[in-house]
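Below are two complexes that have chain A in common, paired first with chain B and then with chain C.
After this line comes the complex of A and B, so read on.
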């Protein structure tokens, strides 16, 4: 539990595994300790009769007992956190909601611990044929729960190992107003961080990757 | 021949009354069964007569058959009746004349000769017998009013114990099944009405109670921690109060009987559970279960022995109790043992809601883990706390009890042995069964405001954690020597830092200070602490060395400048060289005036300070 910030990392004429390896080397040089693997996956269920309604079902290995699902009807998103049996439930409603296998996307890779920070280097692949899409880096600062209180620290830390690709401004996810909140202009930036926030950030980036039609240029083998 | 009219006779619905008792109860004859009825009827039949009548009937049928008149039969009967009535009329009219026929009256028996005295005796005897019956009945009623009544006592029993009726017997249940126990022993007892012979003694009871033989007697579970062969602490677990002394009559009352039997059942169940766990647990040093004894190793050299004691009579139990030394008894341990079993029972009965089909037996926390999105660490904590068995928890608690005692002992002996400075330890009164903490203050008498060293020690199951004033955290094992070394080291530091603050007050200058003096004899653990201070004019220097191993030793050295006896030689020629400090001379610190180290140092510094003219 803590504040998590998700950053896409450009490939810059390298292959995915190469970039991951570079970053891992940097982390190890900073005396981070490897702490296993992680996996975040996202699945889309959509209803053929209702055009825009989709259910995003996501799993995060950091929260192994939960299934995160987000109902998206175009205008707003309704999150729901459930037990693992939710997956079985989705199979039961298969006539209404059908899984789009081709849009299944996942981010997986090594996980490192460095003091209070938890760093995950994820390579994003889409559909079953392992279509490589890009790299997502997750940085988690565990002792803090409010993004506003630890953003500066996290930014500095990210600059430490991401260099110029580190974000300089607060990610848009935190600065947009929360629609449901009665207090106007209340942003997630000042709110308590929830596990669902991590998942929603992933969803945002996954959707971006899905829209990105052409494969990243790094996928083409270098001659 | 005249034909009889057939009249059907039915047996009465009510049973026949055989006899009526004196108190008015009617004893009925049991109704006849079908076969008995048949045999009785068959016995009444005169078979020879029946054969005749059937023959006659046949003849009659033959005579009647030709007459076609349907009223022939009735006409004949009327004729016969008419004939008989006329005959009777004739007889009566003849008898009236009294010439030819005389009617004799029915002879009456002669009255029996009555002897008045015999009647009196007979009546007296009969009245006496009737009176006896009434008196015995009245006595019985009286006894029922005053003495215990079976029904009322049964009702009282029913209020406290579970009873059910199986055919003619009353069976009760002693087991803890309603409280969530899953122990297989039936724990039944039987209640019956006591005979007159049993209703004697100080507290007569109309109930007689039969308890299975394996539940009779007194049982308790004895928990002992042992170092080598010496008992360190013990606790007895049973549901009855072991201290109370019961009278003979009380023991025989059914209430006490049940309590004892239930206690035996409780102890058996507890031991059964523990023995099962001891066999299943994979400990580094395996637990041993032999007969009625479980042995587990807490810390090296220290064993936890749990044994089931079952004696068949209450007297033996009381005698044993008298022998026991009460000092060793640990009530806290006993209480937590009770609490642990209760928790298991509670969990067996109370399933967390919601009770969906797949969720039975899963902890509430685990059910919430999904919707509350627990992360990996939290989930791991849940599984860790869930899978702890009863024996593991007992061992953990016993280990903690032992660690606490050891820590207490080390601190107390140190506080006793080290007079200067004072060590005070504050134990937290409220603690968990496996974690407690103690705050240690090291102060010097009279200089409390100048310096105080405090540290907190967390006593866990097998380890200690010390948090010092400066924020350093030290983890120690269960060995008491480690704690002892830490406290001694803290005392040394306290003395040095106290002297530092004191010198500042006295306007002396701190020249150097080291917590780990690299010179001098090599010590097995830790190093000496040292401090060097000079007087305000710089003409005196005091050096102090505090060693902590194996006990606190303080050495104080003083150096003068200018040198007291300076003679310029060929090597050191100038007069100004006398300002170099002279050699350090040791002060006989033991003989100095002052109550403690800082007090002595204050006197020393005061004596060595020269006021500028």
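After this line comes the complex of A and C, so read on.
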């Protein structure tokens, strides 16, 4: 657990597996060690009678005993962290809330460790057909808990590894004020980072991918 | 990067766990009550019978609120001219400031099955889920309606897998703590994976040991619903 920054990576006329391979080679050249695989998935449940209310139910293999749910009613988001059994409960609410199988999305791929950093190269696929949607790279700096204290270091690291595609400014997720929440009156940039923050960043990017109607430049099925 | 260490999707591993019966989703339950004047005797008896003999019984002071979620009317239910029963969800948290860091508990309880006279306990589906405090806002925004709330204060004993609670129910959030009745609720329960019927027999034997102080029985809620209130 530390501070995590999630960045989309453009394909630039290459296929998904090619880009992942390039990045993996770059990481290995930097003496990173492979550290297994990861998987983050997101499901949407919606209620036909309450059009705007959606429940996003997400899992992160980094926290295998938890379910992260985010209820979005169009005005605000309510995050909820629960045990895994919550998934069984979501099956029970099926007459009211139904899972949209076609919008189920996941990001998975290899993990690498490099000193205090953890890097995950994720290929994003949607629905049961595993339609390839793009690439998300997760960079985790583990010794620190406050984004403001390690952003410069992380930016420098990402520039070394992602080159011109590295973010140069703090991602908007950390700098937007959180409305409707009197407890969090300041920005997430200065707040203690929590696992739900990783999941919320994934949700933002997943929603962008879901909205994307056109396939990425070079559409390739995985495997 | 072999495919062997590929993490499985959380839902798949959960369904797999359900198939091999390792998820505790059934509650075996016996209930009874005892008058306030006699409760000390029962507590002494439980202290002798239960596992935590050296220490005083664990005390708890919880707040519970029950929400209902009604399914929307569709063609099928309109034809039947009756709404499907609502889904009931209970949220419980400790009122004790020392437990303020503890997670809230979300609980789903299914329809109780009484079975025939040979079955020693009531059995009902039950999911106990630890969750973050945002659960109340979450359920409200989901469209759940608050049905009732109360606070409950009492003692918790353990005997092997069995949980015994002796507790008193109060009207919720009342400064004077107005009790609902002059008696304590006694519950003997085990949360176990489905198919653990052997535990029901242990519970029957234990309940025998508490007689005649308290008679623990399978309580039929449907019968209670027809009893008029005072």
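Here is the rule we go by: the second predicted complex is superposed on the first by the 213 of 223 C-alpha atoms of A that agree within 3 Å, B and C clash if a C-alpha of one lies under 4 Å from a C-alpha of the other, contacts with A are read in each partner's own complex, and residues count from 1 in each chain.
Note that a residue touches a chain if its C-beta (ideal position, glycine included) is under 8 Å from a C-beta of that chain, and two chains touch if they have at least 3 such contacts.
All values derive from a computational prediction rather than experimental measurement.
A.B. asks: Based on the superposed arrangement, let me know which partner A:78 touches: chain B (first), chain C (second), both, or neither?
C.D. replies: Only chain C; A:78 stays clear of chain B.
A.B. asks: Contacts for A:64 in the overlay, against chain B (first) and chain C (second): which applies, first, second, both or neither?
C.D. replies: Both chain B and chain C are touched by A:64.
A.B. asks: Touching A:207, do we find chain B (first), chain C (second), both, or neither?
C.D. replies: Once the two structures are laid over each other on A, A:207 reaches no partner at all.
A.B. asks: After the superposition on A, what does A:41 contact: first (chain B), second (chain C), both or neither?
C.D. replies: A:41 sits against chain C, while chain B stays out of touch.
A.B. asks: Between chain B and chain C, which makes contact with more of the residues in chain A?
C.D. replies: It is C that touches the greater number of chain A residues.
A.B. asks: Examine A:1 and indicate which partner it touches, taking first as chain B and second as chain C; both and neither are also allowed.
C.D. replies: Touch partner of A:1: chain B, not chain C.
A.B. asks: Would you check which partner chain A:55 touches, where first means chain B only, second means chain C only, and both and neither mean what they say?
C.D. replies: After superposing on A, A:55 lies in contact with chain C but is clear of chain B.
A.B. asks: Looking at A:195 after the superposition, I want to know if it touches chain B, chain C, both of them or none. Which is it: first, second, both, neither?
C.D. replies: first
A.B. asks: Taking the superposition on A as described, I'd like to know which of chain B and chain C A:15 touches: first, second, both or neither.
C.D. replies: So A:15 meets neither chain B nor chain C here.
A.B. asks: May I ask you to decide whether A:131 touches chain B, chain C, both, or neither, giving the answer as first, second, both or neither?
C.D. replies: Neither partner.
A.B. asks: Let me check the overlay on chain A: which residues of chain A are in contact with chain B and also with chain C?
C.D. replies: Touching chain B and chain C on chain A: residues 61, 64, 67, 81-85.
A.B. asks: Under the stated contact criterion, what part of chain B meets chain A in this complex?
C.D. replies: It is residues 358, 366-367, 369-376, 378-379 of chain B that touch chain A.
A.B. asks: Provide the residue numbers of chain C that touch chain A in the complex, in ascending order.
C.D. replies: Checking each residue of chain C against chain A gives 1, 5-11, 14, 18, 23, 25, 69-72, 84, 87, 89, 106, 108, 127-132, 134-135, 137-138, 141-143.
A.B. asks: Can you check the complex and tell me which residues of chain A touch chain B?
C.D. replies: 1, 61-68, 81-85, 194-196
A.B. asks: What does chain A use to touch chain C in their complex?
C.D. replies: Residue list for chain A touching chain C: 34, 36-39, 41, 43, 47-50, 53, 55, 59, 61, 64, 67, 69, 71, 73, 78-89, 92-93, 95-97, 106, 108, 110.
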